[in-house]
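The same chain A turns up in both complexes below, where it pairs with chain B and then with chain C.
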Partner chain A sequence: MTTQQVDELGIDLTGPEQATTERGGHASRGMLVWLRMRKSPRFWIGIGIVGLMALWAIFGPLFYPWKPNVQDLFNTGSPPSADHWLGTDAVGNDMYALVMAGLRTSLIIGLIAGPAATLIAAIVGSLAGYLGGRVDAVISWFINLMLVIPSFFILIMITPVLNHLIIPGLIFFIAGFGWMVMGQVVRGQARSLRQRDFVRAARYMGIGTFEIIRRHIIPSMASLLIIDATLGVVGAVLSETALSYFGFGIQPPRTSIGTLLADNTQAATTQPWMFLSPAIVLVVLLFGVSLIGEALRDALDPTSGAARD
Partner chain B sequence: MTELDTTTEQGARRVTRNTSGVPLLQVDNLSVDFPAPHQPGGVVHAVRGISYQVHEGEFLGIVGESGSGKSVSSMGVIGLLPSSARVRGSIKFRGEELVGKSDASMSSLRGREIAMIFQDPLSALTPVYNIGWQLTEGLKLHDRGLTDRAAQARAVELLRIVGIPSPERRLLSFPHEFSGGMRQRVMIAIAIANDPNLIIADEPTTALDVTIQAQILEVLQKAREITGAAVVLITHDLGVVAGNADRVAVMYAGKLVETGGVDDIFYHPAMPYTAGLLRSVPNMQTAGNQRLVPLEGNPPSLSNLPPGCPFEPRCPAAIDACRTAEPELLPVAGADTADRAAACIRSDEIVSGRLPVSEIFPRPEAQEIKRSRGAEPVIKVHDLVKHFPLTKGAVFRRRVGTVKAVDGVSFELAPGEVLGLVGESGCGKSTTVMEILELAKPQSGAVEINGVDVSELSNKDRLALRKEIQVVFQDPMAAIDPRFTVRDIVAEPMRVHNVPERQQSHKVAEMLELVGLDPATASRYPHEFSGGQRQRIEIARALTTDPKILVLDEPVSALDVSIQAGVINLLEDLRERLSLSYLFVAHDLAVVRQVADKLAVMYLGRIVEYGEAAKIFAEPKHPYTKALMSAVPIPDPEVERNRRRILLEGDLPSPVEDFVGCRFAGRCPLYLQLGEEQQKRCHAEDPQLHDAGGTSAACHYTDQHRLISG
Partner chain C sequence: MLAYLVRRIINYLILTIIATLLAYILASYTLNPEARYLGRNPPLNQNSIHNILAGLGQDPSVPVIQRALTWFGNIIFHGDFGMMYNNQPVLHSIIVRSGISLQLLIVGTILGAFLGVVLGVWGAVRQYRASDQIVTALSFLVLATPAFVLGVLLMITATRFNAAVGHQVISFTGQYTPGLSGTGRILADRVSHLVLPSIALIMTGAASYSRYQRSVMLDVLASDFIRTARSKGRRRGSAMIRHGVRVALIPMSTFFAYNFGLLVTGSTFLETVFSWHGMGELALTSITNHDINGVSGSICYVAVLILIASTLSEVLYAALDPRVRV
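Now for the complex of A and B:
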């Protein structure tokens, strides 16, 4: 038979890892991906960055005397010092404490909303693609409708009403408006998978529709979905930042990276620490997540460009 | 007329052959390696030192299974290997060395002296130019003085030679407007355009239907006669070689293992691989009476070959000496020609008869198959119809026609019986079985399984009925989910029917054993198995719910020849042991003859002949069945030489067409023999299946079927 076997998403199952895993048992697809990931420096750097930042955002405040929204009225607008590590803002809030709190908010929103959008896309898209017919027509119509709704304006209208539910609300809306493009991709994939013999075989075995989608359709698109979920984190964090920047997202007294950037834009040139510290944190976080996403993509699909270096 | 007497043609070929002087093509110790960083050895030795000659006007058949290096070696001759390939050895064309020649100087040789015909004519023709342009391009390239007008005239002439109707008009057609068979004709026209001395045909008919294959082989022979060129035909099909080649070279694991005249190879093989291959192939003329001889095992990996004969692990005649060194291709003792050679240390014993082939590959005992006669049919299909709407336009869909994929099909499958459903691609046989497997109300007609009309089933009953009828698909790699372990794959039908976990494991082991796999391999993944083993996994999965009916959709056509026999034997055993009924869909008549009790021949959504398989094979009544059977190549040179072939005109018509009379009339060889009055009836009246002396046929003139003979 052929010397190289590649499954439907182009995953090379007979890579160099084959030999190493065969000794220790039988490598599953997940194992192969993991073995490939393990060798990727991008993955470790990305995981390191995101992991450390998450730990810092959660446990950092325990080791720092200042709390956010506690003004040091003797030190307003002061540059970084031994007392205030990243300086203070115009009203004397400690920037270091604020950045940690803001990062926490942004991370919560990003880590939930990104994968949630992917989950919606996977379910809705594969239902439309697999079932076809009328269901497909309705869902496709709905996707197109969602795509033309100006989501930003809806969010602007809704956020004032949300009040203390602002974080779940933002997660809900960012995910709710972020799944459509992926949904269409999943629909297309599911449509072609429906014609594949192993899906037909499952149908003729008598396996139910939802079981087929759960066991055969969605796992066949796993690599696509994992990459989308990872990169979706980046998108969600950016959406939250953008909304908050314009004053429609997180409202005081809560902080997020977006509000910090918005509050301190004025000072960007005169007192750069106020603007730069949240900006750098944002850039580094997104960089880390993107690295993980890229490493995942390369591990799942060795034919994509970066795998050859 | 549509009949061609191949006997006289063969005779003529032999006379024109000229074997004296410098051979046209001389390949010496040719090796081709490909770097493969992912493989254990780092290098794939695709061709490992082969030598052969082709003389002027000779027809050489190179036979081998997939991965044997047969295509790579001929790509090396024409200089079309990828740049990563390392070529060593010598290829001399008329004494001129080709290895190491620049691509530019090879280009002047290609097309003019050496022409190539590829397997897939769609990808070998440029889709954006019409075929007239593609034909004249090659003509003008090698003869700069040719005027447009002359080139045009020559192109028309070439298309006429290869049998393309109204060639003047067709010059302006694009490749996608041609059917597969017509495209392959165009490829042959391009190949012979510059009157080459050597035509290399790489599996030219593998992608085509059997009736079209017969046409193409005929055209290839005609092209050879007109140009006087030598032909190297690369194929995996022994039948194609038997009927066409003068000499045969058998390849295995990148080496030639046996060469010789076609009769020597087929009647006195000197190498166990050739012998095994010949015995494993079902022969349409003799199949059904005896069991096939399986050739166990798989070809070795070409990156990490162990020492010794590469066939040794699969060879029943292997002795200790086989494991120490790889045998050279040496002349066979007592042979009358120099090129009669075999690479086997025991070839002398085999040739002299001290080690008869029947002892190396003993034929398994034929099994007595008990049949319960007279019982209720397990599948009863009555007037089944499946039409697909043909729509045009993206925004406003409008119906422009109907594809009548299945148009009134009726048959019955009795318990313990095998019904073969045969026909060319596009005849609707797969759609028919998929409609049955849906277990839903058909568009029109009725499907009964075990006496129950499926259109009245509740969902619960339908699920219960699924236990009784299971399916095996063509390509095991596509039909099993690559993410699951073998255990999960085989257990999947049991999950549906809520079989307890404990019982599942037990059953999986039992099923794997039943299909001849080691139950200890249950935790592995499908990609760790070979093609034949994967098909066994699929069969095991189909059997876990203890069904009584198996629908087999081309179960062996994706497998290599030597693997096929094992799977066919397994299916025959299982049927006997578990008293199964098979609905066996296939395009290969030899395979069907091997397994089927009853036969239904489909043509354009209808069954044209139906009845006992033995009777139909003995005396087909419908002209289409006759043509189909006569088109199947038989792996026996003597039989092939004396066969009269009924060639069908043209291609399968589109199923969108509306027919008033007989659908087959346009291609029918019998129709051409009829008087005008009789022909009128063919056009006016749609023939129905009716009794025609033991079998039923849908032809008005079954009483005159002897007018055409195959």
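Now for the complex of A and C:
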């Protein structure tokens, strides 16, 4: 069912790059998507949430006196107050400063690892689908193998070895274990695109495989890939958070949303603010990202969601 | 059909075996079983450490590939997954603990999928009504929340609830209270422990299933055969259920296989949050104790679960789609 939708999308994209706007004029496809996006409240709410949180994580510390790893020994485990806006944790670290620092780490990992996984899926999937034959057999088999392996346990085993390379390492491995499902979808798409006239024409003109994939196959799936990259951010942040929560991801003195949740779980039922502030920040951020992803899906795919009926 | 199914199962079986072997090899490189015995007081001498490790099949002087093959040979010929760091046989631990984990996983998977399908169909049928908007917003919220955060949030809520009622109605540590007697009380106690982790897992499952089911159902509702069913005189509800839902469930069966892997990881998190002594704990403690046999055993267990789920989803697909049945 999904592949069929995307098929229609493929036709849509490969046709002449023109569409009619509601005013009766002609607009490029990018323009059309933008016009649809502009009307979507989901998109604006999502962009607003994510943009504000990113700005807050980057510039927030400039406007706040407490630093993440400075303990206020007179106020340990205190609830939110004028001095400590989100209270302090059990050893007196300021929660507001910690959450900003943690959000920064989680954002960096999510924003790089999510799109990176999509990139791997695009390259590997289109190679398999476009070339077919033995390459396809090997890649499909490899994807199936990767899907059987429980990636979380593998990540747990790898991350302790990374030491000070933990952030680039996490990005690398989260992306490396997050591309398979999309890879299969891309493969199916590339298989049908291979038979299209414009791809054939390019092939008969003697254009190389990678050039065809780069110029024709991947752009034809752009919308699918953009959606996946956006929603991939959610998956990557969730992976990082889970790894850090169980003590295998980010290690002290570094902070991430996951380490904050882990450090404050014990106190969650008695001093809820310690757990709730990083939890709410995480949920709101991911909620915002998924809103953008859904708005993109609606705008890019005329057969789904808001653009339907 | 049967031949196809058998071929798929054999294919999955080969994948499972390779995945397990790769896990063993990876574990042998990243984990260091010697670390368990170093730094003890009084210190163990190198020879006895060596002997213990050799007994576990983890002699560092033997090449990793050879150790992996020996370990695998023992599974095939003797059904022996080796010993864990605490001298329990791995297989025994897996059997005991998987019973605990499967309780949660089965309840979560079945109810989660059921609730997800119902919510998805409901959302599609009443598209853009208030109920659809609310369910959509809620499922986005749940999808943005990691399973373990959901677990802790439920714990906070339950604490408040218990305090308000003035009685420990919902329990959230372990899978039962030790030292109870009487079948009724034990049963009630089990249920009261099962409630929170199940709710968390059901919510996670239902949220992702409902999103997908809603979108598939919308496609189905727009198709011609629904109009045909309506025009030949079927009432709206019956056309929806007999023709619509059945067709909309077909792609769901594939999605079920994908999603199952996520639910297994999710239930691992929940077990840890609620201090259940299940497979999640086994896997995590094996890794922190540098136990290669334990880790590989747990990964094999998860791979087998995914194998079963994938096979089930193929059977479901065949049962729902008459074109596949031959």
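The rule is short, and it goes like this: the second predicted complex is superposed on the first by the 280 of 309 C-alpha atoms of A that agree within 3 Å, B and C clash if a C-alpha of one lies under 4 Å from a C-alpha of the other, contacts with A are read in each partner's own complex, and residues count from 1 in each chain.
The rule we apply is simple: contacts are C-beta pairs under 8 Å (C-beta built on N, C-alpha and C of every residue); 3 or more make two chains touch, one makes a residue touch a chain.
As the structure is a computational prediction, the values presented were derived from the model and not from experiment.
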| item | value |
| --- | --- |
| First, second, both or neither for A:149, with chain B first and chain C second | second |
| First, second, both or neither for A:160, with chain B first and chain C second | second |
| First (chain B), second (chain C), both or neither touched by A:63 | neither |
| Partner chain(s) touched by A:200 [first = chain B, second = chain C, both, neither] | first |
| Chain A: partner with more touched residues, chain B or chain C | C |
| Partner chain in contact with A:74 - chain B first, chain C second, else both or neither | neither |
| First (chain B), second (chain C), both or neither touched by A:219 | first |
| Common interface residues of chain A - those touching chain B in one complex and chain C in the other | 1-2, 5 |
| Partner chain A, residues of chain B touching it in the complex | 36-40, 44, 66-67, 298, 301-303, 434, 437, 462-463, 466-467, 470-471, 473-475, 477-483, 485, 492-493, 495-497, 523-525, 527-528, 530-531, 538, 541, 560 |
| Touching residues (chain side chain A, partner chain C) in the complex | 1-2, 5, 144-145, 147-150, 152-154, 156-158, 160-161, 181, 234, 238, 241-242, 245-246, 248, 261, 265, 268-269, 272, 275-276, 279, 282-287, 289-291, 294, 303-305, 308-309 |
| Residues of chain C that touch chain A when the two form their complex | 11-12, 15-16, 18-19, 22-23, 26-27, 30-31, 127, 140-141, 143-146, 148-149, 152-153, 155-156, 159, 215-216, 218-219, 222, 250-251, 258, 261, 264-265, 268-269, 272-273, 283-284, 287, 295, 298-299, 302-303, 306-307 |
| Chain A residues within the chain B interface of the complex | 1-5, 7-8, 12-16, 18-19, 25-29, 196-198, 200-202, 204-207, 215-216, 219-220 |
